[in-house]
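Two complexes follow with chain A in common, the first pairing it with chain B and the second with chain C.
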Partner chain A sequence: MNLLEVKNLSVQYGSGQGGVLAVDGVDLSVGVGEFVGLAGESGCGKTTLAMAIPNLLPKYASITTGTIEFEGQDLSNKSESELNEVRWRDISVIFQGALNALNPVATIGNQIAEPILIHEPGTSHDAAITRAKELLEAVGISASRSSSYSHEFSGGMRQRVMIAMALACRPKLVIADEPITALDVMTQAQILELLRSLSETFNLSMLLISHDLSVLAETCDRVQIMYAGKVAEVGTADDVFGEQNSAHPYTQRLLKSYPNIHQERKFIDGIPGYPPDLSKSHAGCRFAERCTVSVEKCFTDEPELAVISELHRSACHLVGGSK
Partner chain B sequence: MTTNSNDFELREAPETQLSILGKIWQDRMGRIGLLMTVSVFTISIIGPMIWPFDPAAVGADASSILQPPNSQNWLGTDELGRDVFSQFLQGSRVSLLVGVTATIIATVIGAGIGISSGYFMGRLDTVLMAITDFFLVVPSLPLMIAMGSIFGQNLTVIILIIGVLSWPRNARIIRSQTLSLRERKFVPRAKSLGATDLRIIRKHMIPHVLPLVVANTILVVAGAILAEATLAFIGLGDPDRISWGSMLHFAFASGAIGRGAWWYFMPPGLGILAIVLAFTLLGHSFDRINNPRLRDAA
Partner chain C sequence: MNSVAPILDVNNLTVEYQVKTKGKRGVRIARAVDGVSLKIRPGETLAVVGESGSGKTSIANAIMRLIEPTSGSIMLDGKELTKLAGKELRLARSKFQMIFQDPFESLDPRRTVLDTILESLVVAGIGIDDAEKRKLALEALEKVGLIPAENVGARYTYQLSGGQRQRVAIAAAMILKPHLLVADEPVSMLDVSLRAGILRLMRELSRELQIATLFITHDLSLAWMYADRIAVVYSGRIVEEGHPADLISFPQHPYTKALVSVIPVPEKNIARNRIILSGEIPDPLEIPSGCRFSPRCPKYRALGQPELCISSDPKLESIGDQFVACHFPEKKETK
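Moving on, here comes the complex of A and B:
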């Protein structure tokens, strides 16, 4: 059984006429110990999907359909206090823009200890600080720094602190929302390596959100490509990113948008146009207007996820035959 | 790549090593304010203990009335032959007592209303700010006079009246700061950790607004001392206690000003001036230390 099984999830911002369906009938699964990547353009629903799992959505967002099964129990209709039992103890989050998510006037140790003190009420302050120090060591920062403040840390170190904070209550699943954005390439590599090694020590599963495909290709077991609130393609990193393997025109175009160091130097292809307006309803494939290979059917019928191989699925009329 | 983290070991940062008092001492305005405040406190605590005359002891005969300063009564005597200097020393206690306690009341109310209004927003904010605006625009002196004459003239009542009328500015300032703080990313982070509102306020809001609270508090002290002196001067002070305001009141009532008995009305007047100036200097200096934008302005 998978650790996390999201089925047919829809999330809407606002309501009624002006509502925006940011996530529209999406499935997502994360197995035990698995690294799953979530990729796509800005505004295609990656963060919304991820934040819907522990229900950390803003007030004006609501889950309209679907189930979120974590270890067999549905999180989508749990109350706030029931969710608080799950958050951090089972599912924790490394937030987007983590560099600003630290309180400048509280010590690092106290901030890492905060989830421990909240979720394990019996813990004494000293014990929590001791664990915070162990966590700091685990992410490669000297325990003596636990009494420092965030302005005394570099960007990479603050990101490590955020990771330590996410691990504080020994969760089973960590949702990392753009954990390496705004870091330089060297630091990115270190952080990714750290996440990988920590997942082995702590036996973690990870949902990694990024728009950097090369990062996902390198770290993830499976990758899910989102477009305009829908799943475009899902499969192993090799299925999705492999040279001849990617089965959705959107993925292919995304991959072409990155320079390839093995090829001769040339201008990279972007994808002209913009993702569609999600506040309007759509007939047909949402990528059709920007797609270079679209046919008439693409504008009228909505493609469903078609099975390509055991783990590989793609939502396109032109692949996978029948549909 | 793991632990060469000792490279990150904290270096001594001279700027942060200075305590807040040290920083105030570095500031000229602050140094004067600090010296004045400390001396006023010292005088009011030690003064009455060592000065031999009872401020309430009436003179033995007519010759001891309104005596100019002499070797025995350093600041002369009043219209009843009482020693002015011992009244002056005793009076400083009331001024400080009212100033500090009324300010504590004002700060607790102001910070409480400001933080809860800014943090919870919505309907609570509307209601609390409507109340704040009401107290902000009501002319406080006439209100103090009215309340003073209704609730009677003793020190506790006076402290309460001044405290209850001095918080609105604090509440407004702290609310604005809280409004901006609650949008900082560490607040939703703490919330998603499962932190309760109370915990967020305690751990994440209060430490941030504290410097602002302190800077305002010091300025409120000066206002509260003036308010007490004003009430006492117009005769609404505690009749059982000598304060600088009541000394001025009796000096005025007994015609000391007309008779040129400067030793009677000058000391309390200058005392009030000094103590208000001391707290104002200290408050502005503290404000300047906490608000870097003001640092080079003066």
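Moving on, here comes the complex of A and C:
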């Protein structure tokens, strides 16, 4: 059984005619100890999908269809107090923009101890601080820094603190939303290395959200590519990356949008046009307008997520043959 | 190409910030840029690549005269920019234009697109009548692919997407036919699928108008793809400079070598040895003595911590076609 099994999930912002279906009938699974990458461009619904799991959506968003099974329990109809039992202890989140998410007037140690004190009542303050110090050491920060404040830390160090905090209550699943986006390349490499080693030490499963395919290629076991609220392609990292394997024209074009220093030096291709406006209704494939290989059918029939191989799925009428 | 006089010729540029500190010493000096020299010729792009805190944005801002350089010379078309002030500087500005990283902050949301472009002409003191200005502005919008120009021009900048806004910023800069364009992370806020379009546009316009481009980025692979030359900066210094293909395939400075090794690649199972440096760029208040990279340098440790690296600050010296500031640069195997 998978640790997390999301089925046919739809999330809508606003309601009625002005509503926007940001996530539209999406499946997502994360196995025990698995690193799953969730990728796509701004507005594709990746963050909305991830935040729907522990229901951290804003008030004007609502889950309209689907189930979110975590260890066999459906989270989608749980009350706020029931969800609070799950948050931090089972599922924790490393938020986007974490660099500014720390409290400037609380010490680092106290901030890491806070979720422990709240979610594990009965823990003494001293015991919580001791654990906070162990966590700091685990993310590569000296325990002696636990009485420092966040402004004394660089971006990379703050991100390490955010990771330590996410691990505070020994969760089974960590959702990391663009955890390295604002960091330098060298710091990115440091943090990714850290996440990988922590996942082994703490036996973590991870949902890693990023707009950067190249980061996911190097980190994840499986990757799910989203486009305009739908899954375009999902598969093992080997299935999805590499132009030979990728089965969706969107993924293929996206991969060509990155310079690849291991190939010939040439100008990146990019993708013409812009993603569709989700407040309007669609016929056919949502990528058809920007797709260079689309045929008539693509503008009329919406493609199903079709099986390509054991774990590989693609929502394209021209599956496999679209080079 | 070397026979053509450079448009931009920067010599020994230094930028220092005064930092107020607690305690008796009061004010301390943070050196963000420390003796940087660079040249860019017409139609050429030089990428300055570095991590945050490396001083790359300070270099750009000093050249744009947005901050005052502490010392050094900045020659544009043979004229010393650091000596210009007041109206002279304002009029000279049309010849060096900048594109900023964040098109959501660099454009005034209360102006229409057309007004934004016209403003550029007004500030530069271009003395032509309004109808002529309007015609130029519409042409500029067409040129950057914002069509139909009349329609797009009437919209407010906040109504545009990030990619469209960056096109407006390019139009506003290019309408003045600058000789130098400073682009500070022009695509890093944009979705990857849109980057190619913006970069292609910048390249076409800069080739057509023979503009010298200073491209500031943290992204070495983007610099490799786009630029004619790359200068890698670390702690306020250029540590290596060369042609992109050479610099990526054979980095001679240990810092460049490490940076190249961690460039993420959109492929699975690429055989590579990542060199992950520990620590961070030094605090500009406390730049290490000798080679400023030595505390993090894998080669310094591998060589048994040679005295030279902490006693002497390496100069940027030419090795073949590349320039390297290292006492022990990587050597090419001679066949």
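Just so it is clear, the second predicted complex is superposed on the first by the 318 of 323 C-alpha atoms of A that agree within 3 Å, B and C clash if a C-alpha of one lies under 4 Å from a C-alpha of the other, contacts with A are read in each partner's own complex, and residues count from 1 in each chain.
One rule holds in what follows: a residue touches a chain if its C-beta (ideal position, glycine included) is under 8 Å from a C-beta of that chain, and two chains touch if they have at least 3 such contacts.
From a predicted model like this one, the values you see are computed outputs, not experimental measurements.
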{"item": "First, second, both or neither for A:305, with chain B first and chain C second", "value": "neither"}
{"item": "Chain B versus chain C as contact partner of A:102, first or second or both or neither", "value": "first"}
{"item": "Partner chain(s) touched by A:271 [first = chain B, second = chain C, both, neither]", "value": "second"}
{"item": "Comparing the two partners chain B and chain C, which touches a greater set of residues in chain A", "value": "C"}
{"item": "Chain B versus chain C as contact partner of A:193, first or second or both or neither", "value": "both"}
{"item": "First (chain B), second (chain C), both or neither touched by A:144", "value": "first"}
{"item": "Which superposed partner A:32 touches (first chain B, second chain C, both, neither)", "value": "neither"}
{"item": "Partner chain in contact with A:119 - chain B first, chain C second, else both or neither", "value": "first"}
{"item": "Which superposed partner A:211 touches (first chain B, second chain C, both, neither)", "value": "second"}
{"item": "Touching both chain B and chain C, residues of chain A", "value": "190, 193"}
{"item": "Residue ranges of chain B in contact with chain A within the complex", "value": "1-3, 5-6, 8-10, 184-186, 189-190, 192-195, 199, 203-204, 207-208"}
{"item": "Parts of chain A lying in touch with chain C, wherever the complex brings them together", "value": "41-42, 154-156, 184-190, 193, 211-215, 217-218, 237-238, 241-242, 253-255, 257-262, 265-272, 274"}
{"item": "In the complex, chain C residues that touch chain A", "value": "51-52, 161, 163, 191-197, 199-200, 203, 218-222, 224-226, 244-245, 248, 258-260, 262-270, 274, 276-278, 280"}
{"item": "Touching residues on chain A, where the partner in the complex is chain B", "value": "54, 56, 84, 87-88, 93, 95, 97, 100-103, 105-106, 110, 114-115, 118-119, 137, 140-142, 144-145, 148, 152-153, 157, 190, 193"}
